Each structure stands twice: as C-alpha cells, then as structure tokens.
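Let me give you the structure first, and then I'll get to my questions.
Here the chain labels run A, B, C, D, E and F in written order, and each chain numbers its own residues starting at 1.
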Amino acid sequence: MSPEVKPDSLLNAEGLRFDGRRIDELRPVQMEVGVLKTADGSASIRQGKTYILAAVYGPRELHPRHLTLNDRAFLRVVYRMATFSVPDRKRPAPSRREREISMVIANALQPVLFLEQYPKAVIDVFIQVIQADGGTRCAAINAASLALADAGIPMRSLVPSVAVGKAEGTLIVDLGDEEDKYGEGDVPLAILPGTNELTLLQQDGSFTREELMEAMQMGINACKYLHELQKDALKRSYSKKAPEGEDDDDEMDDYDDDLETDLGEADIMEDE
Amino acid sequence: MTDFSSEIISHIDRGFVADLLSKGERVDGRAFGEYREIIIEPNPVAAKAEGSAIVRLGDTSVVAGVKVLTGPPYPDTPDEGVIMIAAEMAPMASPLFELGPPKEPAIELARIVDRGVRESKTMDAKALCIKPGKLVYMVFADVYTLEYDGNLIDASSIAVNAALLGTKFPEIKLEDGEEVATGKELTLPLQNMAIEHTVAKIGNHLVIDPVLKEAMVMDCRLTMAVDKNDNFTAMQKGGGAGPISLEMVDQAMGMALDSSKEIRELITSTMKNPE
Amino acid sequence: MSPEVKPDSLLNAEGLRFDGRRIDELRPVQMEVGVLKTADGSASIRQGKTYILAAVYGPRELHPRHLTLNDRAFLRVVYRMATFSVPDRKRPAPSRREREISMVIANALQPVLFLEQYPKAVIDVFIQVIQADGGTRCAAINAASLALADAGIPMRSLVPSVAVGKAEGTLIVDLGDEEDKYGEGDVPLAILPGTNELTLLQQDGSFTREELMEAMQMGINACKYLHELQKDALKRSYSKKAPEGEDDDDEMDDYDDDLETDLGEADIMEDE
Amino acid sequence: MTDFSSEIISHIDRGFVADLLSKGERVDGRAFGEYREIIIEPNPVAAKAEGSAIVRLGDTSVVAGVKVLTGPPYPDTPDEGVIMIAAEMAPMASPLFELGPPKEPAIELARIVDRGVRESKTMDAKALCIKPGKLVYMVFADVYTLEYDGNLIDASSIAVNAALLGTKFPEIKLEDGEEVATGKELTLPLQNMAIEHTVAKIGNHLVIDPVLKEAMVMDCRLTMAVDKNDNFTAMQKGGGAGPISLEMVDQAMGMALDSSKEIRELITSTMKNPE
Amino acid sequence: MSPEVKPDSLLNAEGLRFDGRRIDELRPVQMEVGVLKTADGSASIRQGKTYILAAVYGPRELHPRHLTLNDRAFLRVVYRMATFSVPDRKRPAPSRREREISMVIANALQPVLFLEQYPKAVIDVFIQVIQADGGTRCAAINAASLALADAGIPMRSLVPSVAVGKAEGTLIVDLGDEEDKYGEGDVPLAILPGTNELTLLQQDGSFTREELMEAMQMGINACKYLHELQKDALKRSYSKKAPEGEDDDDEMDDYDDDLETDLGEADIMEDE
Amino acid sequence: MTDFSSEIISHIDRGFVADLLSKGERVDGRAFGEYREIIIEPNPVAAKAEGSAIVRLGDTSVVAGVKVLTGPPYPDTPDEGVIMIAAEMAPMASPLFELGPPKEPAIELARIVDRGVRESKTMDAKALCIKPGKLVYMVFADVYTLEYDGNLIDASSIAVNAALLGTKFPEIKLEDGEEVATGKELTLPLQNMAIEHTVAKIGNHLVIDPVLKEAMVMDCRLTMAVDKNDNFTAMQKGGGAGPISLEMVDQAMGMALDSSKEIRELITSTMKNPE
C-alpha cells in the first residue's frame, strides 16, 4: 500500500484539488456489467482507487423463513468490506457500520424495484468492497443498481449516487480518502434520475442550510452524469451478450420492454 | 425506527392519517412543526452514574446515563479521549421490539445518536486527555428506551445531551505511573452541543416529532442535528425507502431550525438548575 | 456519582446502622404502578438508591416457537442492568449473573400465576435496573408482581421480597450496597404472603443453621410489611384509573373478582 | 437441573414417586437422607492438568480439572489471585442436554458450584498473589458432565473440591519483570473447603441426592454448601418453582449437616492418599 | 501436570524412541466399551497418556430440523477437548480446529454406516478429550467406532486409526506429544480393515512421495493391529453383558447377525 | 467444499459424469491431469493492501489480500512473527453459500489454505521478529471467494502465495520503546512456497482441479501441498466420505507433482514482473 500523507492543502491557489480535479469533477469511473459468472447479475465499479463488486441473486426463496414478507419481496443488501480494503486491517466480522450502510443502500435502491411482484421471495444484493478510497457506499449503489439490471429484475430506473463534501470552505464533488479525512464534511446521496428525488441522504461535518442545498444540487448534477455512465455500461454489456451478427439494437429494445417507467423518466436506453 | 408499514398497518390507517394531514391536522392535534411536550428529569441515577437524564416526549421515554472511566487512548489518536454513545431498543418499551442482539433499527438508532454527538464535536476530545499515549478519560453514554410512541431518535438525542451536560466526575492525574484522584470535580469539555430533529414525510406533508401512528405510515424520515450556530452537523434519511425531493429537504431543515433553540434552552436550563 | 467510601463500622454503639437505620428497618420504599404507557402492565420501585422498572406483556404469542409449552404459558423474565447502574460500567451484553437472576425471579413469581390457563402463550416480564444499590433482585420481584397485577393477569397474591444480611455478627434487614460489600452475608428471599412459604431463597456469606432460621424469619416479617406497601401502591393505581365521580370501591371490587385466592390468603384489596 | 416435569413426565410418574415416599421408600431403595455411593477417582488427568478428579454419584458422573496459570490481577483486587469455576452440561451426558451455547440450567449449575467455592472462601485469594498489581496465580477449575442421573450439583462440588485438593503447580517468581520458575512445587492455599448438598422437595417429603426420576417430579430443590465448621456458606433454591416452608428448609439443613462430614472425609482421604 | 521437557534426541543410537518404543510400536492402548450409562453406546480409550470418551445417541429425531437430510441420517460428530486436557488452558468455546476435526472424524466413520436406512434421523457421536497427549483424532475414531457398535448401530466394520510421523528422518508409528512437537511431520489416517482403503488422511510436515507411501503402509499395518484390539474390547463388553451362566458365544452370534459385511471383510467377531 | 451430492444432485448427473470419465472424457473436455486456465491479476488492491492478487481458475475466482501490521508476539514464540491465513466463502460467489458465521466447509477451506502456508514454512517466522518478546510483524492474508465453480482450495492457495510474493511493507524499528519507520521497504521472508493441488476421486477415476459438476458427484477429494523440492508439506482428504486406496493416493500425488512446477512458475513470473 502507498502510505497516506496529509496534504498541505486540499485546494490550491488555482482552485484545483489535491489530485488536480476541479471542484465538480468526478474521479475516473469505470463500471462494468456481468463480471461474475455465478451470480444472476453482477457489476464492478472502480472510482478513483475505490474498487467494488456487486452480485445479485433472486428473486429466490428466502431463508430463514421468519424474515419472509407476505406482500412483497425482501430486499436484502449485504455490504461488506474486505479486511485488506482499508489502511488498518478491518476485523472480519460484520461491523455495525457495515450493517447500517447495508440498510441505507437497501433504502436507496428499493424505490426503483417492484418488490410487490414477488411476495415472500428475497432479492439478494451482495456488495464486496475490495479497496476503499472514499465514497464506498455511493459507488456500491452505482454498481448494485447495474447488477440488479443485469439480473433482469424489472426496475423503474437505475440509481446513481455520489458524495459531495467540503474542503477549506468550498463544496467539492466525489470525495477521495484524504478529502474525506481532512475535509470539513460529507454528504452522500443517491437520486431517482427521472424526478431528481433523493433515495439516499446522509451528512456529517458542518454545513449551513444554504451550503447543504447547494451541495445537494451539485450532487444531483453529478448523479445525472453518473447515470449516463451507468447506461453506457449496461449498453456495453448488452452488446457483448448479443449473438454475433444480430442487431444490437433489437436486443436492447427487448430489454426496454421489461423496464417500467412509472416515474416519468426517459427509458434507460432511450437516449443512447 | 423500522418500516413496519406493509406488515402491520392497513391501507385504511395510512389513508386516515394522510386525509387528516390534507386538512392540516395531525392525529394528536399538534401543528406540523410542533413537538410534543418535552419533560426532562435531571440526574435520576445520581448515586451511580456521573450524569443521567430521563426524557419524555409525549408517551415516548428514554433514560440516558453517562459513565466516565479512565483508560489508554486509541493508538491513532493518542492525545484524545474516548467517546462512546450507544442506544438500546429494549423489549420493555414496545411490543414491536424483540429480545436478542441488536437488529438493524437499533444499530441505526445508536449510530445516528452517536453521530449527532461525534460529528458536532460536542466534546473537545483533546481536553479529555490526561497524559498523551498513556491515559485518557473514556466517556460512555448509553440510552435505554422505556416507552416507545415514535421518535426515539430525538428523545435519545435530548437525553444524551442533557446527561452529558449534567455530568460531573473526579479529576485523575497520572503520578509515577499511578492514577491518583486530585479531589477536584470536573465537568465535560462541551463545546458544541447539537440537537437532533426528526421530520417525517407522509405523502406531500412534513411533520416534526412523529408519533408511532405517523411513523408507521410515513414514506421516510429525515433526522437533522442542529448546533448552536444553526449549522447542520449530521443528517440521516431513514425510516423507510420513500424518496424525498430537494424542496422538501429544504422545508424540513427550516422546521428543524425553528425548533432547535427552544429545545436547547430547555436542556440547558433544566440541567444547569436541577431542583 | 457519589464516590463510595468504606465505613469505619457498619453498626454503631447504639446498635444503629451505617445509615442510621435500626437492624430490622427497611430503607425508604416507593412503589408506583402503571408507570409505562406502552406495556400491558408496569411498576417502578425505589428502595434506598435502588431504582427499578418492571414491564409486563402478555399473555401473548411466543416467539421463537420452539420455546412453546403445550400445557401452560411460558413465564419469561428478563432482568437487565443498565450499563450505568453500577459503579463500574457494566458491559452491555447480558451477563451470566443477569441470566441466573432472571431465572430465580421467574421461579419466585411463578407460584402465584395460573400459567396452565394460557397454554402455548408467553407472559413476558422485563425488568430494567436503572440504579443498583443493593437488593436489586428482591426489589425487582416486588415491582414485577405489581406489574403483573397491573397487566390484569390473574394472581393468587402479590409476591414481596427482601434480603436479610449480617454485619459484624448481627442480622440486619434490607442491605444497602456498603452492607452487602463489607458485611458477612446476604440472604435474599421472597414469600407467598398467605402461607409464608418461600419462593426465592439464596444465601452467601457464612451463617450457622440458627442464624439462617432467624434471618429467614426476619425476612418474612419484612416481607409482610412490604406486602402492605405493595397493596397500597396497587390501590393508589386503581384510584387513579377510576373515572372522576365514580366510586373507587366499585372499581376495586371488579378487580377483586379477577383475583384468585386459592392459597387462603386474604384477598389483596380486602383489608384496605 | 431443569424443570422438565410438565413436558416429559406424566402425572402417573409423579404419583408413583410420591406414593412410594409416603410409604417411606425411594425409587432406588435409599433412605431419605442417604447419598448414593460416591466414588472418587483421583488425578485422571495427571499429565496435563495440575489437579483433577472423576466423581461418580450412582449413575451420575463428572470430571473436574484444574489449571493454574499466571497473569495480571483484576484492577480492583491487585493483591488477590484469580479463581474461576465453570461447569458444562455436555450433550454426551444425557439426551436431555443440548448442543450449543450454555442455557440457563448450565449457567445456574456453573454459578452454584462457583459460589460454593467462592463464598466459602475455600482458597485464600491473597496467598495466590505473586507480586501485587503485577502477577498472580489464576486458578481455573472446569467440570464436564459425563453421565446424568440427577444431582449434578453435588457431584460437581465434590469433584471440584477434590481436584483443588489434589492440585500441585510450580512456584513462579517475578525477577526483573520476567517470570521464573523456582523449581519448587506448591499446593493451593485451601483454608475452608465447603461441600454442596442438594435436597429435593417432593410433596411433603425431602430427599437428599435426588436421582433423575426424583428430579423430574420434584417441586424444587435446595442446595446448601456446608463448611468444616458446619457453617452454611451458600444456598440456592432452584430446580422448579415450588414454594417451600421455613420448617422444611430447617429440616433440609439438618440433612445436609448429617451428610457433610463423611463426604468431606472421603474427599480428603482419597486425594491425600491416592493409590 | 508433569512439565514438558524437550528431549535431546527423539531416537537413540539403538534406533529406539524417546520413550523406549521401537519405531513401529504403538503406545500402550486400553479400550473399554459401554463405559457410560446414559448414552446409547459408549467407549473409552487410553493410548499413552491420551484419554478420550466417546458417546453415541441415536438414530433419533434431529434438532434443529433444518439440518434434516431427506434420504439418510445425519451423522453429527462433535469432538471437544476439555479445557484442562492440554498444557495451556484451552478456551471453553469450540475452536475452529475442533470443528474441523469433528468433520474429518465424521468422514472417517461414515463409510461403515448405513445412513440411508434412517432418513431424517440423526446419529450423534460426542467425543470428549479428557487428556491430550498426541493422536487424539485417531484415538477418537478408535473409540467412536466402538461406541457406535455398542449402540447397536449396524456397521460394515469397525474403523481403526493411527498417526504415523517422522523423527530425525525416520518414520515412526503412533506419535506422542513430544514426537508431534519436535518431530518433522504427522500423517493421521484411518482405514476400512476389509479393503485397507483410507477413510481419514491428513498430513503435515515434509515428506517425499516415497516416504508418504511407506508411512501410509506402516499406518495400515498398525491399524490392523488396532482393529484386533477393538474387536477384543467389543468381545469383552459382550461377555460382561451376557447374563451369568449363559453362553457368551450365543450372545455374540446374535450380534453378528446385525452386522453387515458388504465390504467383504471378515465379520467383526468371526475370527475371535 | 461440501458434499452436496445426495441433496442436490440426481443419480443421473453422477452417472453422466462417471460415464464420460469411463470414456476418458471430462465434462469440460480437459484431460484428467489438466488444470483449467489460470489467470493471475497482480496487485488489484495496490493502494490499501501490502500485497494482493485476483486468481481465476476457469469460472472460479478469488481475491487475496495481505496486511502487514506490527504487534507483540505470542508468549510461547517471543522471537517469531505472527502469520494468519483466513478464507471466506461469501454468498456473493455461489447460491450454495449462506450468509452468517462460517460453517464447517468454510472453516475447512481456511484451515487447509492456512496449513499449506504454515506447514510448508513458507515464511521464515523468525525473520518477522523486530524485537524479541516486544514487537514483531503480523502478516494477515485473507481470501474472499468471488465466483465458485469448484476447487476453491487451489485458487485460494495460488492467490495467497501470489499475494505474499508481491507484498511490500515499510520497515519498522523500535527506538526507545517507540515504533519508528525507517523509510526502507521490505518484502516478506519467503523461503519455501508450496502450492496446493486438489484431485477428485469419482469412482475409479482421478481428476485434478475439479469443476463444480465434478465436485458434486465426487466420492472425495485429496488436496496436496507441494513445495519447490517436490516435497509434500500438507495433505487433506475431504469433500465427502468416500474411502480411497493407497494406490489412488499414489496416483494423485503423481498428478500433483506433474502440475506443480508450472503453476509455481506462473505465480513467480506474474508477481515478480507485474505489468
């Protein structure tokens, strides 16, 4: 591992960040769909040095049975960090932090799913953080919604997510580890791209009401961009799946029919 | 805490609450931005805990107690005291709470209340250091739920802050490697107390301090910690998966700011001048 | 908290105790019924600095089901101490001591209940020690039997309980923390007030057979007095519940009919 | 240990045992105040444990082993050794015992046996101190149940006391902060060994050392630790919720006193002169 | 306990071992059947200073039910070491080592059982190590198969087991503690005596392929001898069970009929 | 890992696989002694872990990461570093794996992989000592399963060895009781890397690197760790209760030896020269 050094300043005289980014610039993001063979659906995301895998199984029978919901599927999200994904070794057992993050990720994803179509079943979303470098819960949501789509589970839309923060009084988008550690606050959020409504919202640090409103707006803008990247990733995966010689667009059209668009959002593939 | 809605609450209940709200009314007659009566009983555990408070928020009640111990600091923060905030959803408080190890709602409660203290930098952790790398004060604040009629978060936040404010503990020095009590009594180095405010979204309406009936039909809740300078120091959307618009978040923040000063003053006056 | 100091002597020249009590004198006792709104029944007790809440739920369905008894209700008692109720912070998880005390409290209460009337159900008794200053298991029994009555569960009688101890060779009633710590023994007991039979009996320290007999007799006498205080507390709660203008006695008569008196005890309310 | 009665035992069984008792007879022909044959096998774990004993009480048998280690004392008792007594109800011993973490009956067994040692001040804890605040002897006595036909408590108490009596361990000194074995062999500082006696109440009758058939129909049991001076050093009513009168407690105490000396002598003679 | 001293040499000039044994000589072995009254079947083994008890219950109903197998009995083996059975005190909770050994013992025993005759049931094998002085898993298998026979459970044969090791370059049979600790390797194995097939095989240390083949052959030879000792022990137990004056051989003949010999093995009792 | 056969796999499947093997064919067309394609991705966790590798074995894949920390040695080995190898069968990797604490198959996996490192004396534990009795390096290697199509053991063994081989960590000295980084970067003291090879027995046939379909119908498997000198340093029969003859063990050892050198070279070349 590269030893972490506290930077002299998180923002330089030109208004550029520690790692050279503009204040509203995302780290390099790579998303890939269908990366795991055994899962029903899967995706990976690399965002800066953060590296996360998401796998989806289901809808399938739920064990243990006492968790069964009679009127809808149980969306079970399990967010886990590898022991070696952080500077100090994480203890192997699930921490309270991991359990809370699993819960907020489930809340962030649930609004786009039609859980009532699968009473008594479970949809499992397993998230493994391979390397953590800030923004893992947001990156996890980006990957998990791709994995759900890859599993063929009907969705109203994908869910993009990003964290906005504050460094030396300036709002900045997509915090890396140093900005998270030495900055003044963190606002992770996720949105429904069709309505811009928030499905994840947390905050720590210290913000005025006006700063928070601006931070959330910056986050929504960044999510719009991430949503495009998600759709690109999904499109690439369908191209790969299409048998050679067949028309890729047909393949995608088929998929479109499976997607519901209740929230008035443009269909995921439409504007590609 | 939990989203019990689909399992326990019928659609009729949800309709009933929502209809009332459309008419500008809440199930218990309060205004949308109005808290239930808040009663703080200072120092109920005076003989054993360094600080304590029982807080009633209508028919929700909790007890918070503070223990101040000494011990070694964490290796990565050798000059800072240790602060641990926990909360338990005991089955005593509600037929909805279960026996056994804490489940997700209890973990969320504990973490939100903890974050309200930690992220607000309520205490100056460095002032809790006795000797860097060797000995620091360890402050444990634990909340037990006694009665549950909605909004455990705010009740717990008020109780923890009240208990911390009323805490008194003996000063300890390290002399020749031995811990020695100086005989002096200290209070905690409180520098920025923040109070948590929870607003429930039900349809197009926002109500502060939701009772259980409201919590059971809400789309989601937004909890906001507000400090003395009207800064937001922690926020959490939870209590259900319903999405919320930016405008409603802004409105909720306004409701929190409107309530914050009064509750802070109630805590301060009660704990500084206990009968 | 007030720092604990070891007293020079637990008994003074006049035969009075550390805190001024006579050897057979109880600490100030306050019992209150119906203190928690959400529970089916509840009570609080303050005995010296000991402060305990008891809540009762049931009879209700039992989870997990494999604990179900086919011929009677399961009486489930959970005695818990708050982390801050003792001089050192107690660890949050239930200790073996707490689990054993839960068991002996259940044994102490069970003889007055008609568990066979509720096969397969559970009656839950949750006890929270807010502040511990000696005699918590006895105070818990006093409060728990009031909470059971408050929940409207048919009972043969209330169950009073107290601990007798020994300090400097003299038997003393209702130990406080210092007497427990620096004294020579402890005999917690609980009785059926109608027959004086013991439903709780434990002992530690060192006693001759004769001392133990005397200690138990002193304990029974003290329990008789505590039983009167319990009945007073129950009476007050019924007065409070009675709608204004109505006759309190009628209300109490109704309750009396619910109580069984198989053990030949005078009915709880009778001699009030 | 447990009150299995209503689930497993029919009323006929209870009637049968009670009828016999009315005629002055027990299911296995013993007198009411008579123990089953007690067989103590000394030092079955001689190569690995510092002390050990297998005890048979009729068809109940247990093995106890003692380990003596060194370690730091507890902060609140810096000049005292550490004594830990535990007991396990292993499923090997009975179809009634279950796999998994200890349940209430196993916890009660362990705590009663522990209390019999601790409350009797069987060992002089201060004599187990090597250097105050730094290093003490830690004495662990663990009991495993091998066969269960009633009255595990007394069998365990006899086994633990026998194992402690036979314990030999190397003397350790602290020299320049290092633990050094002096080469001398020590025995434990036993000062007041107490034996636990269990009497079962069945209807109006009391029987000592109940077998499983009696345990299953008893109203309750009373366990009493009796020391060499005929003092009672620990007592526990358990094994069912049946109440018991003062007179019967007195009678039970008499039965315990009648048996105590003989069992103590058996332990002492067996462990002091092992073949 | 006797303090352990590292021997100067594990093999002396005459080719004898630390404790005077020849390289292929077992430690003194005593096996006894039917030692526990409450179990359906039981056995003890003392092998050198190793002392182990095994108890068998079943076939009986399986709890918890979700472990139930529909087409055969569940063979549940629980290998536990007493806290005082080893030089340092073992922690009381089951270790991962104990759980793994339980699993390999179950695998070693299963081939001789007719589990398919008892669908949904459990056969419980509880093993308690009272004193551990090397070779506990092998000694446990020797005792457990006797306990299974004592419980009257039909078996194709008994399962003998032994560990072969290496000390100062020489292969040696039935390691004691010192040879295990200071030697160069350990090969525990168990066999079906009728076919010499291995049902347990593990190895640590360092061996060439040729050494391993020789070690396994030595182990098989030692197992043959242990099998005779097992049969002797079983025979003695039947003699004891036979009512006085009755013909022992008849008793054994009855037992023989219960044993299946599918693997072509001579019947357990046959050659006695 | 587990013997799923009787519960999940029909007799038809077992017959199908066995019939193929009788014809000299495997379900995926490989030769009996042939591994699937092995792909090693070096250092996927370069920013946080001191060493790491992702290993693909056909459609089985795992990630291994190494953390090197400092801490006190174990009391009984004061001059040796601490080495801990663990492996987790995460439910992400297969519908056959369950949530919750590790069950027997996961424990066996972890212990086999650990034994392959420890028994082979892969690392010189004494070279991991900084100051005897005070401070040593602690090497934690953890494996997470990502995709499960059989033979997790060999994939994990390869991944752990690759991650250890690529590990770099800062040198620490103890100066006046304080840990100080010298600024120098160290590699692990690897002295005898052994690779684990798993052979499945199906009827009379042996196949190396079994896929899930083969694992589900196998009688048992034999895992062998082979070091650079062709010594066997660890062995485990598992994966079912089927017995195996001495001749087949010999044959399996031959198959392991045939594959070992090539895999070792792949690990070394990939990790020593990562792109």
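The working rule: a contact is a pair of C-beta atoms (placed from the backbone, for glycine too) under 8 Å apart; a residue touches a chain by one contact, two chains touch by 3 or more.
All values reported here derive from a predicted model rather than from experimental measurement.
Participant: In the chain contact graph, what is the shortest path length, in steps, from subunit D to subunit F?
Facilitator: 2
Participant: Using only Cα atoms to place each chain's centre, name the chain farthest from subunit D.
Facilitator: Chain A.
Participant: Averaged over CA atoms, how far is the centre of subunit B from the centre of subunit E? Could you give it in whole Å?
Facilitator: Their C-alpha centroids are separated by 59 Å.
Participant: Please report how many Å separate the Cα centroid of subunit E from that of subunit F, as a whole number.
Facilitator: So the centre of subunit E lies 29 Å away from the centre of subunit F.
Participant: How many angstrom between the C-alpha centroids of subunit E and subunit D?
Facilitator: One centre to the other, that is 32 Å.
Participant: Give the residues of subunit D that touch two or more other chains, as numbers and ranges in rising order.
Facilitator: In subunit D, no residue touches at least two other chains, as defined above.
Participant: Can you list the subunit E residues in contact with two or more other chains?
Facilitator: Within subunit E, the residues that touch at least two other chains are 88.
Participant: Please report the chains around the ring in sequence, anchored at subunit C, with subunit D in second place.
Facilitator: Ring order, starting at subunit C and heading to subunit D first: C, D, E, F, A, B.
Participant: For a test of understanding, state which residues of subunit E touch subunit F in their complex under the given definition.
Facilitator: 69-72, 88, 96-97, 99-100, 102-104, 106-108, 110-111, 187, 192, 195-209, 212-213, 216-217, 220
Participant: Can you check the complex and tell me which residues of subunit B touch subunit A?
Facilitator: Of all residues in subunit B, those touching subunit A are 6-7, 76, 104, 107-108, 110-111, 115, 119-120, 220, 222, 227, 230-238, 240-246, 249-250, 253-254, 257.
Participant: Which residues of subunit A touch subunit F in the complex?
Facilitator: Checking each residue of subunit A against subunit F gives 1-3, 36-39, 49, 51, 53, 55, 57, 60, 63, 78, 80, 82-89, 92, 124, 126, 128, 130-133.
Participant: Show which residues of subunit D lie in contact with subunit E when the two form their complex.
Facilitator: Contact set of subunit D toward subunit E: 44-50, 52, 59, 61, 63, 65-67, 69, 86, 88, 90-95, 98-99, 140, 142, 144, 146-149, 170.
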